[in-house]
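In the two assemblies presented below, chain A is common to both, partnered first by chain B and then by chain C.
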Partner chain A sequence: MVEFLQFTLSGISFGMIYAAIALSLVLIWRGTRLLNFAQGGMAMFTTYVAYEVIRHTGSYWAGFAVALAAGVVLGAVAELAVIRPTLGKPEFNAVIITIGLLIFIEGLAGILYGGQYRSFPAAFSVIGLRAGSTPLGVSRFDVFVAVAVLAAALLLGIGFRYTSAGLRMRAAAFNTTIARLSGIRVARVITVGWALAGLLGALAGVLVSPSTFLYPNSMDSIFVFGFTAAVIGGLDSPAGAVVGGLLLGVALSYAGGYLGSQGSDLTALVALGILVVVLMFRPDGIFSGARVRRV
Partner chain B sequence: MNSPAGAHGVQGVHPDGAASLAVVDLVAGYGEVLALAGVTITADAATITAVLGANGAGKTTLLRAISGMVRPRGGRVLLDGADRAGRGPEDMARAGVAHVPEGQGVIAELTVEENLRIGMMSWPGIAWRRADRAAALAEAYERFSVLADRRRKLAGTLSGGERQMLVIARALVARPRVLLLDEPSLGLAPRVMTQVMDMVVRLSRESGITVVLVEQNARGALAIADRGVVLNLGRVVAAADAKALAADVALRHHYLGF
Partner chain C sequence: MTVQSTPRILGAALATAVLVVIASIKLNAFRDYQIAEIAIEVTAVAGLTVLTGLSGQISLGNGAFMAIGGYTTALLMLHLGWPFVAVLVIAAAVTAVAGAVVGVAAARLHGPYLAGATLLLGVALPSLADAYPGTFGGDQGLNVVFTAPGFLGVNFPLTRWQAWVSSAVALVTLVLLANLARSRIGRNWRAVRDDEVAAALAGVNVARSRILAFVVSATCAGMAGALLAIVTGLVAPGAFTITLSIALLTAAVIGGLGTLPGAVWGSLVIVLVPTYATDVATSHGLSTAVASNIPLAAYGVVLILVMLLFPQGVQGGVRWLLGLFLISAVPNRRTADAPDVPDARPPAGETPAPLAPPHEKEGTQ
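On to the complex of A and B.
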């Protein structure tokens, strides 16, 4: 029972990171029907930015803030510089470009920092918390991870639902034609979507790097799990992304915990299994059915 | 209606007032297909112009070229005398041109109220206060009480007639100077169609909106229009007062089928 609690809590903590990546993918997918394969690479790079800032200033929070800002800038610049020119061209062009962007960013990080693993600091203690004498399997930092991503997701959700800018983003996502005919500058909305996605990716990067170490490919597997979470939730649904991330995080934590040493090697297979099962029963993802389809 | 919003919010009128619309020698097409081969049409301010013709005559392309959905290859689009050909749809909407494309007017995933608020996205930012927004919504709900009851419902749950009402209400909220309507009566029951047509007339008369109405139902369109234009294969074959067109038996048989 104690084990179960531990695995669940640590699964939630990791699941929130998958949720952040999933959310960033959903933001871009909704606006442009494009899967940004460079999302993980961009998150890795902004974490190196945080690493440099922390190294020079000694302040974790300065690095944290600069990483998020760098994520916003990187997202917007990527959209304007390499995605915008593919507008009106075959959809596959943009997909190939995001893969190219990933290779470029990872190559650049390799040139600048080499391939070695660097340790990245955590905001709070990573020593496991205890309830009385019972270890809970999560640290103060794990709690911070969950709270930070949840806060970001809630802020996004509130912004989408209750602000004029959020309404513009939803209108542009659901019906580009009507949005443009109503005077919404959809191109600008898409840039903002990429910037927000960059921010979420950067958040995931700084939150996960204390446990994965930082190296040019450090976000690759996180991206794959984030992508899986996004598909489980239905690529269109921000709430689905969070639920998908949590589901995957907890499931992988059980697999790693209960299956022993083989378990951690099997995580990719477990993720694939969950994906297959979900898509068998809900081909458009868990959260697709709640929406009314356009007639 | 006594609007609390002051000069801006009165009766759905654009702050710059009514505008005339003219297209001159407009040429537009898709790939190698030329849909408009030099079309010239004039619509006076606050009038209704019916654009008629068979399928493929270029009616929809005409509206799309005016609103910027299709980039014209030549010719001019004059809004109150100023040439705006080649502007994108966002800019045309902000200049006061509202285009309701055929059969896809509402965003089904958004609520009725959110759909109405999208009508305000073309408003120039600082000229409209929060009170203006509330007044515009109240005005729309007053005219369309069926929408007031359903304001929190998703637009996708509305019936066809209610959707068309929502689209027209949103057009009213946008306070356009020019309203382009593509087949607003398509797929509607005759009684609902009459309501929609009545609403178009009221929009034009009461709010001084210049309406360009594309319709398959030529008889119904000419009944409410001031002017009528008949397109055939991308060219204007007739342009006259609506009454004169409706009385022209030969033209009706040849192009309009009634």
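On to the complex of A and C.
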């Protein structure tokens, strides 16, 4: 029972990071109908930026803030520089371009920092919390991770719901042509979407790196699981992204905990199993609406 | 046209075979190894370019099929000691079955959902080797012993024999795929790619067509994995990472998606450029970390530029150059006689293509 609680709590903590990546993918998907394969690579790079800032200033929070700002800039620049020119061309071209962007960013990080694993500081203590004498399996930092992502998701949700900028974004995601006809600058809305996605990715990178270490490929597996979470939830649904992330995080935590010595090697396979089962019954994810196919 | 071009394809394949044999005898052992590497890459990329370029399905997990082929080969050679030809057939059959299983799941999925499922497959499958080290040798992998046959003499270099075997498999694969692409099956793939609904209305079994594309693609990848096992003498999870799957896609795109000559161009680029770039970088006194990452960064840039500027890849450029000469020589005839696929435009994905008739369009330019 104690074990179960521990696995659940640590699963939620990791699941929130998957949720952050998933949410960033959903933001871009809703705006451009495009899956950004470079999301993990961009998050890795902004974490290196944070690493540099922390090394020079000695302040964790300065690095944290600069990383988020770098994420915003990187997201917007990526959209303007390489995605904008592909609008109106086959989607496939843009997908390949994001893969190219991923390879480029990882190569660049390799050139600048080499392949070695670097440790990245955590904001709070990583020593496990206890309730009385029972260890809970999570630390103060894990709680911070969950709270930070949840806060970001809620802020986004409120922004979408109650601000005019959010309304414009929802309109652009709903129907590009109608949005444009009503005077919304869809191109600008898309850039903002990419910038916000960059911010969420940067947040995920800073939050996960204390437990994964930092190296050019460090975000690859996090991206893959974040992506799986987004697909499970349905790429159109921000709520689905968070739920998908939590489901996946908890499921993988149980797999790693209960499957014995092989468990940690099989996490990817368990994720694949979950993905296949979900997609078998709902090919567009759990939170998808009715299926519409354009003819 | 079909009657004419089959000898043409065979001629091109034979000419390439002769070239490979001459080159492998003239060049040193390291170049022979590279020839083998290129042939392996061609085998896998050709399968992927058919899947993505012709049937319009993306796969980010073909490295997993290579792993299946490689491990099947290693296990059969290790435990049963079968000759390579028999092992290759079994490896191809096993990956074909795996491809069918994935294809059945994939036939229901579209665009990003398919990319996600195949990406996860590429990540998940090699981790089985770590989970069951007793069977698959864990991180160390399994060693494969492969020798040149006795009748070639004791002094015959193994690398040359490996280059020959790999090139033979690659060429046979290319010839078969070229024929398949021009057959009814290939036309169905293109019809499904361009407009699923129109294809279904025209009587094409969409699901079966898409699954078959996956089977063909997986079989090619499986044979490439088998070749990789005998050429490197080792199958280990580190050889089948997601980087491999992405490299395959990169090669297919740079060469020109959906074209078999493009698979050859792309493979040449992806095998030769890193070695060359690393050589140049180290000779200029750069550290190994920098030298080994320069090709990676360069690929990224090339991939982006190709997609922005030349979406038809190298083969598109080659065809354009040929066109400059051929158009004046043979007026008003289409270029469909070329031993590749006439319609080289990148797949439209789910974008609604204009309701074109689901057969080959003539004179698309």
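Annotations
FYI, the second predicted complex is superposed on the first by the 288 of 295 C-alpha atoms of A that agree within 3 Å, B and C clash if a C-alpha of one lies under 4 Å from a C-alpha of the other, contacts with A are read in each partner's own complex, and residues count from 1 in each chain.
Here is the rule we go by: contacts are C-beta pairs under 8 Å (C-beta built on N, C-alpha and C of every residue); 3 or more make two chains touch, one makes a residue touch a chain.
Since the structure is predicted, the reported quantities are computational estimates derived from the model, not experimental observations.
Considering which of chain B and chain C touches more of chain A, the answer is C. Once chain A of one complex is fitted onto chain A of the other, the partner contacts of A:271 are limited to chain C, with no touch recorded for chain B. In the superposition on chain A, A:168 makes contact with chain B only, not with chain C. Using the contact criterion defined above for the overlaid structures, shared-chain residue A:102 touches chain C, although it does not reach chain B. When the shared chain is aligned, no partner comes close enough to touch A:42: not chain B, not chain C. Look at A:181: by the touch rule set out above, it reaches chain B but stays clear of chain C.
After overlaying the two complexes on the shared chain, residue contacts for A:196 are found with neither chain B nor chain C.
Note: residues 293-295 of chain A belong to the chain B contact set and to the chain C contact set alike, using the contact criterion stated above. For chain A in complex with chain B, the touching residues are 164, 167-168, 170-171, 174-175, 177-186, 291-295. Chain A contributes residues 29, 35, 82, 85-86, 89-97, 99-108, 110-111, 114-115, 216, 220-221, 224, 227-228, 230-231, 235, 262, 265-269, 271-272, 275-276, 279-280, 283-285, 293-295 to its touches with chain C in the complex.
Listed in rising order, the residues of chain C touching chain A in the complex are 58, 105, 108-113, 115-117, 119-121, 123-125, 127-128, 130-132, 196-197, 242, 246, 249-250, 253, 287, 289-290, 292-304, 307-308, 311, 346-352. Within the complex, the chain B residues that touch chain A are 67, 69, 88-90, 93-94, 98-101, 104-110, 114, 117-119, 121-123, 154, 156-157, 170, 174.
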